[in-house]
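Presented sequentially are two complexes of chain A, the first with chain B as partner and the second with chain C.
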Partner chain A sequence: MGDKLEESLLEGVETLLAEKRYELIGRILSQVLRGEKLLTLSDIIDKALLNKYLGIPVFLSLWWALFRFTFDISAPLSDLIDILFGKLGEAASIYISNEQLASLIADGIIGGLGSVLVFIPPIFFLFFGLSILEDSGYLARAAFVVDRAMYKLGLHGKSFIPMLIGFGCNIPGIMATRTIAEEKERILTILVNPLMSCSARLPVYVFIGGAVLGGYAAAGTYSMYILGIVLAVLLALLFKRVIPYFKGKPSPFILELPMYARPTLRSTVLHMWERGVLFLKKAGTIILLATVVIWFLSAYPWAAVHAGEEPDIRASYIGLLGHKLEPIFRPLGFDWRGAVALFFGFVAKEVVVDTFGVLGISSAEDIQQIFTPVTGLAFMAFTLIYVPCLATIGIIYRETNSWKWTIFSIIYELVLAYIVSLMIVVIGGCLG
Partner chain B sequence: MAKVESRRIRGVAWYAAILGIAYLIIGAIEFAAGLYNLFLPGAIEGIFGVPADLFGGFSSLVIGAAYSGVLLRRGKQESIGFQMVAVLLSFVFGGLYLLIVCADGLGTLISTFEGEEWTWEWLVSGSAGNGILRPEIWLAAASLPLAYVMLIAARKKT
Partner chain C sequence: MIRVALIGNPNVGKSLIFNNLTGGKAHVGNWPGKTVEKKVGECIYKNVKMEIIDLPGTYSLTANSIDELIARDYIIKEKPDVVVDIVDASNLERNLYLTLQLLELEANIVIALNKFDIAQDMSLEIDCGKLSNLLGVPVVPTVATTMEGMDELKEAIVRSAMEKKKSRPIKFSYGREIDELIARIEKIVRRDKKLARTYPPRWIAIKVLEADEEVLKMIEKSPCKHDIINLLKVRKWAIS
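On to the complex of A and B.
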């Protein structure tokens, strides 16, 4: 009955009920209130923030401010952690007499894990900024202004809220798609959600961008987030046009905007901690385990790697793997080290930086030997787009309940990552 | 009394418009120089003390547009909304650049612990472009009178 009614009305029953409800509220208010219509402070601010011309530029500006806050202000704190881990590594090398154990502690755990833990400050700063935007009531407005643009493109506005959540972590972002009633719109949102740049990708941007983009590092990071949004919208549009399952008009988006509120330091810090602590837990579990595995693969066979005065990682298991993968990534300008970093990044994106750390690539000079500004940017884009982490793939399967969509998601992201990175390298090369 | 009030409102609107124009000019310079640098990296450091900053310039243009909206909006309430958002954004960016300068200072201090020589360079050059000389910091300070007017308007509303 509901379906028939919906079909005949073209728009959803939900929308019709909402419209009628607000009509009734309006009628009652006009009967019981007299004089000029009073606007609340939230209404007045919304006149500008939800303005059809100014809404999206304000959103982009605030997003830019968030990234400069994340990137530039946290930098000295990251330097402090880096110095601390450097000293710890030196101490481990001096005081541990067993050569293999010293290598595991200094090069593996301290070098690898340390290179990831350096990014605690930017991740916490990002969550602090996001919490302020969320607690003030602005994030709901951001979804509203973007919905207007998305609806014009034929996409469901409700998709943007899971996408915004995806900036923190893709897993809750994908789980948040449960709020989308229409199955095909939900699956479409799940498919494009991994393109939202989660906090795990941030260490890669800071690590590579900080070294090769110089003064443009913050702009490089910001452009990755914008690239993620643009690709998500374009891909969703493409899927809607090309895949018959997704065809059809999107259902309208009803969002009741909360009143603006002044965020309190306590709640903002609490929200930041709740989200940031997940990164710390990940560092102590998955990343630590990955570090030990990568160290083992980079240090063994021990005799072959340590035949000369300096360890030759190219002779290690990881070196062999890297050289097998290198031809695939050569057109993108990534050498075997970039290739293995991406390979292990499949476990969790932070492991990309972890792998570089274990391979002894930690300073800006080391990174500049592997990447140029253009190939560095291409590497950042590849990290953004290619397969999400293992846990996200698991959630995609659980939420779509289909291997078909899960495998499709992996394949399209790999192909897209390759194409976009190649375009960056080609266009960047042409611009010199 | 009504005449005084009307003159005060007009004064506030003109002050906002002047700030808007200042933001638009600075934003346009930053944006254009940043765009130029995108194709020829490092070609322009800044023009008339305004740094080359593509996205920073875009943000200043947005603030300028919000301030200018005060004159373009017909309704009084709408104008107040635009002014509030413009003041808020100018404080966000002014505060942000000031924090970046402080972070640069902290970075220099950490470097001195590592054996480098202490300099005051971070005050006038660094991540924010030209440190405390960044025009947005001073424009945020110039927005203070408007912030006061907005605060009173907001208090009346709540």
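On to the complex of A and C.
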């Protein structure tokens, strides 16, 4: 004690000095400034949207509207694509004479990749809606509103912007943490960023939720996004409490709010395209590759799988892997197919849907045979929480420059995913 | 040659003023060891050559971000002849916060009151003479977009550099109690000659009270450390 210049000696003085400065500025302005500063339209709208009590409800309602819009408008288009791929698959199995090649094209590529491409409409419409919110100037306000709440909880103000970006994709989200100067606050923000539900998870929510939650599919998806935010905040608070490295109060920051503007169709469509096209690129590369690998594992050993009248995937390599994994997931109510889908989902979240497609599970009836509404919701939550994709792991390593934090993030996400899913199953079971 | 640094909050029109002064010709590089862009240009007015350095846009001069540290280190260590503080006239309250911090740094300031037209559109009337008197520094209204006030600004820069009266820094009050505490820390700091030569002692005193990371690190190494700690320990209860 006694020979260190501790910050605790100075607690509260900084804010006191800042207050005094603003007091002084107020006195100067009262002598220098005349005339009423007219309220602009932006100021008036902000009075409502940034209101202490209305801010969060407005944010939640707009977010909800975004999801309803995404779902309602894209559903018929997705159905159309689904029918198209169905026909393509039939044609492939009829016209390709080589049995194995036909299986690769029909079951593998058309069945697997097709089940992912069905999600082009919701992903593009989600980005369309997000672009409108962004171009209008609202997204910056959303950051401000949520941020104010987070700051009160003791989290850094700049954290929410990377998290908002994470709704599109966690990778740019994590890179955006570079704006946070304080190293420990930056690492904390990186660690919880994967909990932001990126667009790659959307196909899983729509695929599973659409089949087992019926009219509540949009609500289920919406709840995943909210669950992600809530978990991120709770985890950040927990880490701050438990891990000594993260202790300390957040530094304040200033966020400049742009004026509201009417979004133009051109810039909105451009924004949507820029982000959406990344999904298409991913589908054409990593997901296609994963599809071929998964198809191979599901179709071989050929003789064993195709011994009977109908191919029996349980005899394949993937079936063997699934049965090894199944006991781990049995408490959550996922069968071996859910287990392998999650296993391959490590590569990228779209691959979860892809895997189901290759395994021949594509219609709502197929899904209802594997999942109840409760286990479906648990599966969605598991998908939300566990490691987003290989690329995210890579970027976490690059940005933290530490294997320790990278491995920590993988482990906590897996454990948390398991706990939350289990809670959903247990509570859902109690409620009947 | 006069060395001039431009500083201001983000979005006040700093880059435009830089371009207006330098004719758009700039040498662009990085701040040493940092990934923050550094722009340097030249301006000649009435045969006086000026070197214009564009500092990063900041709201404040704390040690919390790289931008703010670069800006304040430059002002402290390189001691430019004139610091042009570009202030958004339509948003004085927020912008003057930086101005007060520059005054504490005892920089030789000229204020460019930019976006003056927007302030007028908002039917704000600003008494520039009075503002200049209260802060003890020249104030020049400008509209960077139409280049209005640029000659007046250059004139003010040159005159301020010639007079270099250290702008007779106006010490503003933080209230009796804190003022007294600042004065006592300042007195202790002055005993460390090396420290007091590099940094304005009063500024150090204020930054100690703000628990500024960089300044606390300097105090850690200084012989006056123990006196300051003892003073603060006694005072801790009194402040709150």
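Throughout what follows, the second predicted complex is superposed on the first by the 397 of 432 C-alpha atoms of A that agree within 3 Å, B and C clash if a C-alpha of one lies under 4 Å from a C-alpha of the other, contacts with A are read in each partner's own complex, and residues count from 1 in each chain.
Here, a residue touches a chain if its C-beta (ideal position, glycine included) is under 8 Å from a C-beta of that chain, and two chains touch if they have at least 3 such contacts.
What you see is a predicted model, and the numbers here were worked out from it, not measured in a lab.
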First (chain B), second (chain C), both or neither: which does A:238 touch? neither
Who does A:222 touch here: chain B (first), chain C (second), both, or neither? first
For A:57, using the defined touch cut-off, is the partner it touches chain B, chain C, both, or neither? Pick first, second, both or neither. first
Which partner does A:415 reach: the first (chain B), the second (chain C), both, or neither? neither
Determine, under the contact definition given at the top, whether A:34 touches first (chain B), second (chain C), both, or neither. second
Touching A:431, do we find chain B (first), chain C (second), both, or neither? first
Should A:289 be classified as contacting the first partner (chain B), the second (chain C), both, or neither? neither
Taking the superposition as given, does A:328 touch the first partner, chain B, the second, chain C, both, or neither? neither
Okay, in this complex, where on chain C does chain A touch? 10-11, 59, 64-66, 92-94, 96-97, 100, 122-127, 130-131, 134-135, 172-175, 178, 206, 208-211, 216, 219-220, 225-226, 228-229, 232-233, 236, 239-240
Report the residues of chain A in contact with chain B in the complex, numbered from low to high. 39-41, 43-49, 51, 53-54, 57-58, 60-62, 64-65, 68-69, 72-76, 79-80, 83, 215-216, 218-219, 222, 373, 431
Contact residues on chain A for chain C in the complex? 2-5, 7, 9-14, 16-17, 20-22, 24-26, 28-29, 31-38, 181-182, 251, 254, 256
Chain A-touching residues of chain B, taken from the complex the two chains share: 39, 41, 54-56, 58-59, 61-63, 65-66, 69, 73, 75, 77-78, 80-82, 84-86, 89, 92-93, 96, 99-100, 102-103, 106-107, 109-110, 113-114, 127-128, 154, 157-158
